Structure formats: C-alpha cells, structure tokens
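Structure incoming, see below.
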Amino acid sequence: MATDTANSSVAGDLRAPITPEGRTMVDLLTGVLPQIRSEAGDNDRDGTFPVEVFGQLAKLGLMGATVPTALGGLGVHRLYDVAVALMRLAQADASTALALHVQLSRGLTLTYEWLHGSPPVRALAERLLRAMATGEAAVCGALKDAPGVVTELTADGSGGWLLNGRKILVSMAPIGTHFFVHAQRRDADGNVLLSVPIVRRDAPGLTVGTHWDGLGMRASGTLDVSFHDCPVAADHVLDRGPAGARRDAVLAGQTVSSITMLGIYAGVAQAARDLAVEMCARRRSQPAAAVLALVAGIDTRLYTLRAVAGTALLNADLLAADLTGDLDERGRGMMTPFQYAKMTVNELAPAVVDDCLSLVGGQAYAGQHPLARLYRDVRAGGFMQPYSYVDGVDYLSGQALGANRDNDYMSVRALRSPTPAGER
Amino acid sequence: MATDTANSSVAGDLRAPITPEGRTMVDLLTGVLPQIRSEAGDNDRDGTFPVEVFGQLAKLGLMGATVPTALGGLGVHRLYDVAVALMRLAQADASTALALHVQLSRGLTLTYEWLHGSPPVRALAERLLRAMATGEAAVCGALKDAPGVVTELTADGSGGWLLNGRKILVSMAPIGTHFFVHAQRRDADGNVLLSVPIVRRDAPGLTVGTHWDGLGMRASGTLDVSFHDCPVAADHVLDRGPAGARRDAVLAGQTVSSITMLGIYAGVAQAARDLAVEMCARRRSQPAAAVLALVAGIDTRLYTLRAVAGTALLNADLLAADLTGDLDERGRGMMTPFQYAKMTVNELAPAVVDDCLSLVGGQAYAGQHPLARLYRDVRAGGFMQPYSYVDGVDYLSGQALGANRDNDYMSVRALRSPTPAGER
Amino acid sequence: MATDTANSSVAGDLRAPITPEGRTMVDLLTGVLPQIRSEAGDNDRDGTFPVEVFGQLAKLGLMGATVPTALGGLGVHRLYDVAVALMRLAQADASTALALHVQLSRGLTLTYEWLHGSPPVRALAERLLRAMATGEAAVCGALKDAPGVVTELTADGSGGWLLNGRKILVSMAPIGTHFFVHAQRRDADGNVLLSVPIVRRDAPGLTVGTHWDGLGMRASGTLDVSFHDCPVAADHVLDRGPAGARRDAVLAGQTVSSITMLGIYAGVAQAARDLAVEMCARRRSQPAAAVLALVAGIDTRLYTLRAVAGTALLNADLLAADLTGDLDERGRGMMTPFQYAKMTVNELAPAVVDDCLSLVGGQAYAGQHPLARLYRDVRAGGFMQPYSYVDGVDYLSGQALGANRDNDYMSVRALRSPTPAGER
Amino acid sequence: MATDTANSSVAGDLRAPITPEGRTMVDLLTGVLPQIRSEAGDNDRDGTFPVEVFGQLAKLGLMGATVPTALGGLGVHRLYDVAVALMRLAQADASTALALHVQLSRGLTLTYEWLHGSPPVRALAERLLRAMATGEAAVCGALKDAPGVVTELTADGSGGWLLNGRKILVSMAPIGTHFFVHAQRRDADGNVLLSVPIVRRDAPGLTVGTHWDGLGMRASGTLDVSFHDCPVAADHVLDRGPAGARRDAVLAGQTVSSITMLGIYAGVAQAARDLAVEMCARRRSQPAAAVLALVAGIDTRLYTLRAVAGTALLNADLLAADLTGDLDERGRGMMTPFQYAKMTVNELAPAVVDDCLSLVGGQAYAGQHPLARLYRDVRAGGFMQPYSYVDGVDYLSGQALGANRDNDYMSVRALRSPTPAGER
C-alpha cells in the first residue's frame, strides 16, 4: 500500500480524499459527473439503469478503483476515500452511486480475501479482481431473501452444489456478471452453515428480474434474482462458518462492505443543500427570518453528518489496517462507530432534504423536481445493511449494556424462520 | 342552524363529528370509502383523478355537504365536522380528500356570502350553492399565479371584464364547473385591487391543463388553468378591497377556507399508523425494543396532532359563529391558533409516517406500497395555504411581538413583483 | 352538580375554566397570585414551604375547592377546571401549584369515595372532605417507598394495624394533617394486598422529615415521612384489592389523581414564554432572524401542549362522569390519552423553557433568575406519577399492540422486589 | 513544534490526544482527577472555587500546559489535544475545566503573540508565558461588559492609560493574577478602537467580586471585575484595531480562544452517560424497551458530538498552522466549522444529559445528585463565546448566502449601544 503522506491534512469532513489513489479516482469520476447529472431525472422517472454510464466508468478503470494496483486496479484502499468518491457521485445521482458502491465494496472485500484467504480463495479472488480492473466483471451481492424464501445450497451428488431460492434488492443487477449469493446449507448434523456461492450470470437456472418500482433509488438497477437448481462448483463457494457462532470478527467485513454508503447519503444531503441555498442566494429580496434559521440549521446538520461519517470512516480505516489484536474486538470497534454514524446520517440527511424543500417552496413538490427525487432517494438510507434503526437499537444498546447476543445479522436471519410473504 | 346537542361530549381529538349533520356526512362517506381505498394505489401511480368517485359523491349529496339545508344541502356548518370527514376520507385516499376539500370549503365561504353579502352577491351565492347541492356545480379555487405571471382583470369597455393570466395547482380541476380566480385589477389611480372573478369552465379563453406530475397528491386533479381574454360579467366578480389595506378581518375567511385541511394530514398519519401498527401486532415474535418505543411515540404524536388540530378547529368554530366583536381581532383569533396547529401538524404528520416506514421495514420502500404513497402525500402539508413554514414564522412572531405588518398573504403577494419563472 | 352551561364555548386550550365553580376558584386564586409570585424566588433558593400562603388559600376556601358544595366546598368537579387553576398558579410558582395539587386531587378522589364507597368509607370521606373545606385538613399522599424499603401494615393483634416503613417525595408535607399511605399487607395465604391506611400527623410513630434539597420544585414541601409501629384503626384503611389483579378500572382513579398536574407544566412553560417574549418585545432593535424563529416555535409548542393537555382533560371529564359501561375500558380510555398528553407535555414544556433561555441570553443563567428556576422546575414533569417516559412506552405500546400486562403501576411495584438503596 | 508522529492514528472522536505533549498533559491531569471528582459536589453546592486544586495543577506544570517548551511549558500546541484534556477534566468537574480553559487558551494565543507580534508585544508575551509555566501567573480574560456599562481606556495625560468600567462572567477570577480586559478607546476623530489592556490584580482601582450565584458552573470562579481609574502602562495594551474594520482574520484568534471549550461539554455529556449507563448495566432485571432505545440514542448522540467537535478541532489545527494564504479566508475557515460544531454540541450535550435523567429516574432530581449538577452545568454551553444560537444563525446564514456583514462580535458589540441594565 502507498504511504498516506497526505494524512496530516485530514479534517475528516469528507471534503477530499486522503490518498493519491483516492484523488485519482475522484478526478476520473469528475469528468463523468455532468453526463450522470443530466440523465438523473429521466432515469429516475423511468427506472432506467444507466448502462452506458457504467460502460464509461469501466473504460476509465473505475470499476476496478478498489482493486490493488498489482492486479491492474487503481489501488484505492481507504474506506474514507471511497466514501468521498461516492459522495461526489451521489451529488449527481444517488442511484448511480448506490450501484457503483456494490462494485467498489466488493473490490475491498475481495482484496482482503486475496491477501488473507486460503489458497483456492486467493486464486478465485485474484481472477475476479483482475476482471473487475479491466471492467469485464461487475460483481453483485445478493443478500436478502425474498419473503417466505430461504436460498439454499444442496449437494449435487458429485462434489458440487445446486443453488435454489430467490433474492431481492440486488443493485447493479442489469450489468452484473457475477453474483455473491448469501445462502445456507446444512451439515450432516443439520446445523446451518452460512455460505456464499459465487454464480456467473450465465449459469443455468439463474434469472435476473427486469423491473423494480421503488420509491427512490429507481435507477440503481435493483432487481430480484432467482436460482433454480443452479449448479455451483465446489471451489466457488466461500465458507462463512456456522450460524450462531457469535464471532464478532465478521463485523469487520460487514463494516467494510457497507460503511462507504454513508457517503451516498451525505451526497444526497449536499446536493439538496446546494440547490436550495443557491436558490435563496439568488433571490434579490431580504431573506425571511425562517430562511436564515433554516439555512444555518441545514449547514450545521450537513457538517455534522459529514463529520460523524468521516470520523467513523477514519476509525474503520485505522482498524481495518491492523490485524494484530483481538479480532472480535476489532470487529466491534469498526461496527459500533459505523452504527453511531449510520443512525445519525439516517436522521440528519432526510432532515436536511426536508428543510431544503421548505426553503424552495411548492415548486419542489413537482414530481420531476430534483428535490422531489432527493426526498425519495434519501429515505433509502434507513433500509441499508446493517442495521435498520430497529436492529441498530438492539445492537448498540447491547454493546453499551454488555448484552450477550449474536451481533452477526446474517447469522440471526439464517436462524430465524423465513419472513412470511407479505413482510420483509 | 341545528343546535349542537352533542356538544357536551366533544373531546376535541377528531374522533367523531359533533353535529347530527356532521354525522350524516360521515355516514354517507363511509359507504364510498372501500371503493376509494381500493383505487388509491392505481390513481396515484397514473396520476388519474377519480371522476367516477366524484360522481358518486355528488349522487349522495356530498358535493353539497356544506350547503345549508335551506338550499338543498346537508347543512354541515362546523369546521370541526368537515375536518373529521376529510380525515376519514384521507385515511382511504388523501388526493380525493384534497379535491373534495375544495368543494366543501367553498360551500362554507359561499354560505357566509349568502348570509352576509350584498344583494347581488347573495343571489350569486344562492345559485351556486343550490347547484353544488345537486352536484351540478364543482367549484374550484385558483389562487396561485404561475411563475412570472400576474393574473389580471381589465375592463372590456362595455361594463364587463377580460381575464388574462395563468394559475397553477388548481385541485379538482378535471371536474371543475366554476373557478374562483384570485386576480388583480387597478383602479384609476393605479392602486391594486384584489378581485375574485367567478368563471365558468366553458367560458371562451379558459383552458384547463391535462396533466400534473406531482411528488404526491397525484390523484387530486391538481392542474394549471389559463385565461386568455376570458370575458367575465360585472356581477360575477367578488370585490376583496385594495391590496395593502391591512384588514385582519379577512383572516377569518382564509381560516375557514383552509383549516379543515388539517384533517387531511391527520388522516394520512392515521392511515400510516394503522397500517404499521397492525403489521407489528400481527408478527408473532416479541417486538424489538425500538418497535415498542416507536409505536408509543407514533401514537403519542398522532394523538397530539389530532388534539391540536381539533382544538384549533373548535376555536375557529366558536369565533366563526360570533360576528359581534372586533372583526380584525376575530380574524387573528381564528388564524393564529390555526397556524399553531398547522405548524405542529406539518411537523408531526410526516414524522409519524416516517416512523411507520421504519416499523414496516424495506418493503415500505417499494413504489406502490401504501406507505410509499403516504410518505409522498404527507409532504404536501407544508405547502398548503396560508402559510408555509417560512411565512408562518413571520406571521406568528409578528403576532407575539406586536409587529406592524400586512397579515393578508393574498395582499402581500399582489404587492410583490411576480415570482420569476423558475421559482414559486 | 351544576349543569355545564358554558360547555359550548370550550376550545380546550386551557385558556379559561368551563364551569362557574371553576371560574370562582380561578377568581379567588387570582387575588393571591401577586404574593405567591413575589415570594417564589426566595422560597426556591431557601427550599422554604410557603406556610402563610397556604393559610390564605385555606381562608379563601381553596383547600376545599374540589369538595362538593353539599359538604361546604367550592364544588369544582371538572378536571379541566382544576388544571386551568393549577396552570395559573404555576405561572406564579410551580412549587405552590404542585403542593396544592395534592389537596385538590384528594378532594376529587374522596368525592368519588363519598358517592360510591361502602358506608364506612363514605363516612370517613365525608368527615375528611368537610375538614378540607374548612381548611382544617390538608391531606397528603405518600406513594413512593424509600429505596430498599417496603411500607407494610401488620395486624396489631386487636383488630387494628401497625404501619412500618418510609415514604419519600411526599409533597405539601409541612402542613399535612393526614397522610394517605400506599402500603402492602399480606393475607393468610401470603398474597400481597394493596391498602391505603389514612394516618393523622399526630399519630405515634409518624415522623415528617425536615428538609428536601431538590433540583427544582424546592418550595413544594416535598419530604420523607416514616412510620414506626404507627397504629391505624381498622376503619381507616382503604382496601385496594390484591396486587396483580389486573383491573384496569383502577386507571380511572389514577388518572383523576394525576392528570391535572399537566396544568402545572403548562403554567411553567407559559411563565417562561411570557417572560422571554416580553423581553424581546421591549428591545428596540430589529429582532434577529433566530429570535423570530424561536418565538414562533415557542408559541406553537406552547399552544400544542395546552391543546393536548386540554383535550386529554376533556376526555377524562367525559369518561369520569360516565359509570355505565365497562369499567376496565373506561379506565384505559381515561389513562391512555392522559399518557399521550403527558408524554407530549414532558417533551414540549422543557423545550419551551430551554428556548426561552436562548432568547433571554446569558443573564438567564444567573441562579436566581426566574428562568433558571423554571429550567429546574420544569424537569420534574418527567418524574410525575404515572408514568415516567420509560414506563409510558411500555404502557402505550402495550395498548397499541394488545399486550397482556398489568397496567396498575402500584400493583407492579408491589410485586417487584424493593428497589435497592441507591436507586429509585 | 514537535512532529505529530501519532497523527496517522487520529480518528477525530476526542478519544485520545494526538501529540506526545498532549499525552503528557492528560497523564498529569489523570492523577488529580479523583480529588477533583470527589470535591465537585460540595464546590457546586457552595459555589466554592477549588483554590487548592489549582495549586496542584500549577505544581504539575499544567497551568503552563500550552506554554512552549522553550519558555518552560509543556508545549501542548494542538487545539485538539487541549480539548481532549478539558473533556477528561470536565468528566470530573465541568467548573474546574471551564476555569482551566481560561489559562490554557491564553497560553495558545500568547504563544501566537510571542511568535508573530511586534517586539514589545513579544517581550510582554514571553514574560507572561514564562510566569504561566511556573504557575506564578493565572491570566483571566474579561470580555463581557456589565449591563449598561462600557469599559473604556482614557489617556492619563502622561503617555499611559486609565481603565474604567465593569466586566462580568470572568472565570478563574479568584486566583487570577492578570486580566486581559477587552476595552474601547477613541482616537482623535472619535473612532472606536478595540484595545486589550493587561492589568495586574494588585493594580490600584481593580476590584474582584466575591460571589456569583449561577445556575451551573458554580465552582468556576466566575466573578465580576471592576476598574476605577485603574492605571495601565502604554506597553501593556494590545491593539486590536478599529471597530467595524471587518477583518475576518480576527476570527482565527477567536476560534483558538474558544473552540477547546467544546471538550468541556463533551465531557459533561460523557460523565452523564457513564453514570446512567453504568446504573442500567448494574440492574439485574431485563431493561425496559425504552431504556434500550434511550441508551442507543445517548451513545449515538455522544459519538456524534465528539465527532463533530473533533472534526472542527482538527480543521482548526490545520488552518492555525498555516499562515501562507488569505488570512480573512483562514479566519472564516476556522470559525465556520467551529460554529457548526458548537451549534450541534449545544443541542446534543443537553439532550444526552436529559435522557440520562430519564434513565436514572426520580433520584436524579435530588439537588446534590451528580446528574442534577450536570443538568445545570451543561446549559452553560449555549452562552459561551462566540456565538450564542441567535448570533450563530446570523453568522452561519451570512456565510452561506454571502451576506455583507461584520463577523467580529467584539467589534459589533463595541459599535452597539451598551445593553441596558436588566439585559445581557
């Protein structure tokens, strides 16, 4: 890894990347932002995934931004820098940022597998990372089972596996070439084992849905993916251990996978703020009292959410780089501040957007006004992995009060009966 | 008017109507609610105004609910009761409630004109009220000028008027038969006079827009209406006096026109609450801690918003019925509690809906989930007439601190330069 | 009871009493307010109970305000009116209002016993009510056991009882002549029975503490009372049935005992508001933007808290007067809106006071500034009976989700092990 | 300055100092904390300044913690580290932290004068800094004029000055040996010049008050100081330029003087949190739902306030160290994030303390309970220099909207008529 020479000038407010690699990524992105911004409204209205934009991102090497330089990527390795890039992107279009996040966080977690995994996992990770760097591979994560469904691996009788089930809310799916599918399998004693088969899009039995009508994030290519006796080779399954193992060490990887999304909601809030404050600044008349109070409040909350996200990201970077201590403690040490930040971002980003609507007035209520889109997009934050507000209260109060509980939400879900159809 | 025998049992929380006429209105509405509820999702998605539903409301006499019985109406005369009815309706579909509100509040203000206006105005009011009672007339209000436009009356040279301009956000427009258009004209000295020409839909030069793509309230038939040399007879213009006259007495009529909309947002919050709490109650597992805290908070805020709206409505009814004192004081005495209630409802109703999304979880983020619609509909409250949050701060702080200001927002707007295109 | 002829003019915002008796009480109080207001600062600083003021209240008949006229009292019977009176009083001094509340709510609950109790209870209630009307009796409630203590009745072997234990937070204790002590006793099978012995101050073994150093409400005469083999006659014990009986009917009496305290916190907020807004109105310079926003927010929240308290009080009055239906349902029907209102008042009253400090500026931080007192007094609201925020969440979510639980907090406490010393 | 070798491990959440000097300061403080903590309650009750504690701090060199090592101090030069130390101290006693802050921030600003001032100022600064390092000098700031008073310098006729006026809210005054007095003088043309005479405690005509009865921060030695024809030598007056000069460069010094106080309120919130959460963790029973929600919310807000304060401090340190660019821009660049952080800390710290009272329950309402003290202490944050909430809205909205205004609050005050007695 490169030395972080720029480190001494970090203020932690997501203003700029820390590392040279981060700056390169942001510079490359900057060139594509005008196009992304100009298409955002139409893509939102129609629920269209911007395939062409992702083609350009691939050409620029941005689909491999978090792939190590040794494997052909840009080598961005700081979560902080990824979040800064996603914030810039989300200021133009949050849906695009949400989809790109999938690829960037996969780059980070696969790099970890490449460095620390078993030999076959390292080989698999290397192949995928190299393909991500060239833009050939777009790797989706499929976490959430459809209501009433348990996605499962069963032995195919000849050393491989068959995958059956259905996943919902898989972002970037329209261009996904590989899917990391969170599945269960059972050992001889009936214990549930958490497994992640990696399935190619052209695998027999895999079907990607065609349309998702979301309240917001409508251009993020968030689709259902189903598996019907879909064959998976034995060396394409990552083992995540038994459900219920209570290894808080896994919280580290879950943090890496999700924490950079804080940048997306910071970007949504920033976009709303810029739009509303610029409109107020253009008005010729003396601003009303409430306008001044709202503007001061918006900027205060925006800085606060950037600061809390930035601080949690710096913390995660520090701990991610240090594998010398207790790994369970490291996992909690990464996840807990992440959840503090997520709780606050999920409260403040919608509040900022809401006040921006009040500043702009009735025209912001038109369906295709950018603020109307931001109002819908920003609400997605509360549903991002891990945790929702409800689950976050359990996790954080458990940490404070020393509760004895399973902090791995994938494990908890696996051990729960499937959600009945009609709930999620 | 009927004696309000039921008055002694009012708790002011919008649970039930106070008067027998109010109960009749609610009972009649109740029969139509299942149909309205079942169509709400589709109408929202397509932005379709439910013409057929309004046909049924007319058949039931509900388009004349607030018309005096002497003129063929149901004789509902308490603002409180109208708000209760709109709340019930909004629980099924907020867009329909917003559109019906237009007709119901027109019935109330026209009844006032019929009782207290000059002879020609009384005659005009009687004709309109009788037509509303039969369902023949649907009377829209056209308040807000399009950006950059001033809607104006000019003399046609033969004792009548020509109307030119464009209005936006006219609800119930698809079935509107008459439009109350808030316009300006100038006297010989160039002073701005506020006038309300009443224009029939078939008047030459009047054009009703065809589509409005709103963030929410998409089935409310909220359209643009334009006027091009549209002729208006002299006795079809209501005189509202000179702009800048600072007659706080007009706040009474503005309160009557708008205060019952509080019921709409109470209904939206109630619908969200019922949906979310019922889902939680159905779940078999022990609710998470945050679920209990959210549920208690939702019910607390819902009761609070119902109580503050109900209290302001009871106050408005008391003062509306009493014309014996200082009319300026009466105007402020009606408007000020209304604005307190509006500020609180505009804060609490969206907060309730938001927490309901948190309770229900990710499925509520699907575009056609009822909560996604409620999340969009409820935000309209902040833009309802008078006042927005920004203007409300000026009005209420002015009342508290004894500021010397024009409290008539129609007058203030008329004396302001037109909003540039691009702002509203 | 008098007919509530004034009922039709109720707006429910605690502005004025509803009944003639209520108006009499408020008029009588008004004369004493200047003295109370002028002593409030000194009494707060020194923690002095205003014995002389209570002498005057007694002379005016106000210690018997809620005693029926047939028994020599003023006959105030509406909870709403009592709350209005306590609000006025709290605007002058919250501590005095808290102490008087004890007597007034005792008058209401004893009137119920007098009307509906068994013959011996009716006789006892009549004697006490007559003595309250003359000002001879000041009747305190002793609810809360000292940490680690269970206050218990044991048989004295000759048909009477001996009381042992210690109570904390007994308000109006310096002048208390009788104490309603919430105690436990056990039947032959060891079941816990809830009992309320009524003990005279001069009873052997009863000791009233001398000083309480509270954060606020320092002049409310809130003291410890201990009992050491204190004899109680058999006919001086009110039977409250077995702990754990789950009779929600008792919630009615608990509502009557406590709901009028909402007026106290409305009064504290109103006092802070008047002080701060009047200071802002006196300043000659143009108010800063944030001053206008704060003032509008303060008045909005103050109206809201008055409305929600008023609405819950009207509801309680309606149900209190009606014993014809299911008494458990009546109990919940009174308690639930009371708790909604309490939750909101406990949130809004401190928020109003806090914003008033911001309006007034640094001088409000001086220890003897009235706002500094109000800042300390208002925080007591969160600790008033039933329920605290924490318990209120359990009660209200239980109501919403249909939980099967014991809603009687006295019963729950009795069945819990005693709080360890060091906790309360 | 020492190289900040530890810099790469900063997460910005105020957990630990960044520099070795900062760590030394915190280590030295740690030894005194038990004594400070044990005396805090009594000193608060009696309003006693802990003279003996400050003697110990002096012995340990902590009165010179921010004095450069070259002048005998500990050489702490990062605002971040000072804030961390004040946070630790405030966890034991906020009053002591507030008083020590005076000395520490004086060390920082005098070091700037020593490095960048004119030769006589450098000499003066060096003498004072050396005396602070030995503990001989305790240097107070006297900023706020008493109501109705303007503290002024007038020529004494022989090249020196006479100081007259009265200052309020001077912390650490009981042991103050020197006072930096913010005064006005007028030039020949009548223009107001901002000046800071440095006056020794034993100067003729200087009187230090004896008692201050504050709502909180009662042991901070916050007193009035008056000046009656108090002589000041010409070379003991720092020139701050003409009022109204609009040099935003001065915002840098104002930031340095005040930003570390954010640590104090972080410490108050942390102390309340630790106390309340530890009590909850000790309870044997299953925590109520609202307890879990409160605990999660408290920890979330505490982390957020630490992060936003830490981020603003890191930003101020970065800009403080860089004098190469536009100095006005640097001033705003330091002040604006500081104010964002101050707004948020002033909102979140009281909210944390308040929720801790709810967690602990009624016992926290006892006057001498630590939480009752923290509830009073924490409210001081809103009144700290610059700016109050009201002034902060003007400053921050001015920054956002490009308003043309004087951002120097000392200048604004000087040009305003004196506050009438009765206001502050």
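We just call them A, B, C and D in the order they show up, numbering each chain from 1.
By definition in this document, a residue touches a chain if its C-beta (ideal position, glycine included) is under 8 Å from a C-beta of that chain, and two chains touch if they have at least 3 such contacts.
Predicted, not measured: the structure shown is a model, and the values here were computed from it.
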{"item": "Distance-maximising chain from chain B - centres being C-alpha averages", "value": "D"}
{"item": "Pair with more cross-chain C-beta pairs in contact, given B-D and A-D", "value": "A-D"}
{"item": "Computed distance of Cα centres, chain D from chain A, in Å", "value": "41"}
{"item": "Rounded Å distance, chain A centre to chain B centre (Cα mean)", "value": "42"}
{"item": "Centre-to-centre distance between chain D and chain B (centres being mean Cα positions), rounded to whole Å", "value": "52"}
{"item": "Multi-partner residues of chain C (at least 2 other chains)", "value": "287, 289-293, 296, 392-394, 397"}
{"item": "In the complex, chain C residues that touch chain A", "value": "287, 289-293, 296"}
{"item": "Complex contact set, residues of chain C against chain B", "value": "4, 7-13, 277, 280-281, 287, 291-293, 295-297, 299-301, 303-304, 306-308, 310-312, 314-315, 318, 337, 339-341, 343-344, 392-397, 399-402"}
{"item": "Residues on chain A engaged by chain B in the complex (per definition of touch)", "value": "144, 147, 169, 213-216, 218, 279, 283, 288-291, 293-294, 350, 354, 357-359, 361-369, 372, 375-376, 379-380, 382-383, 388-394, 397, 423-424"}
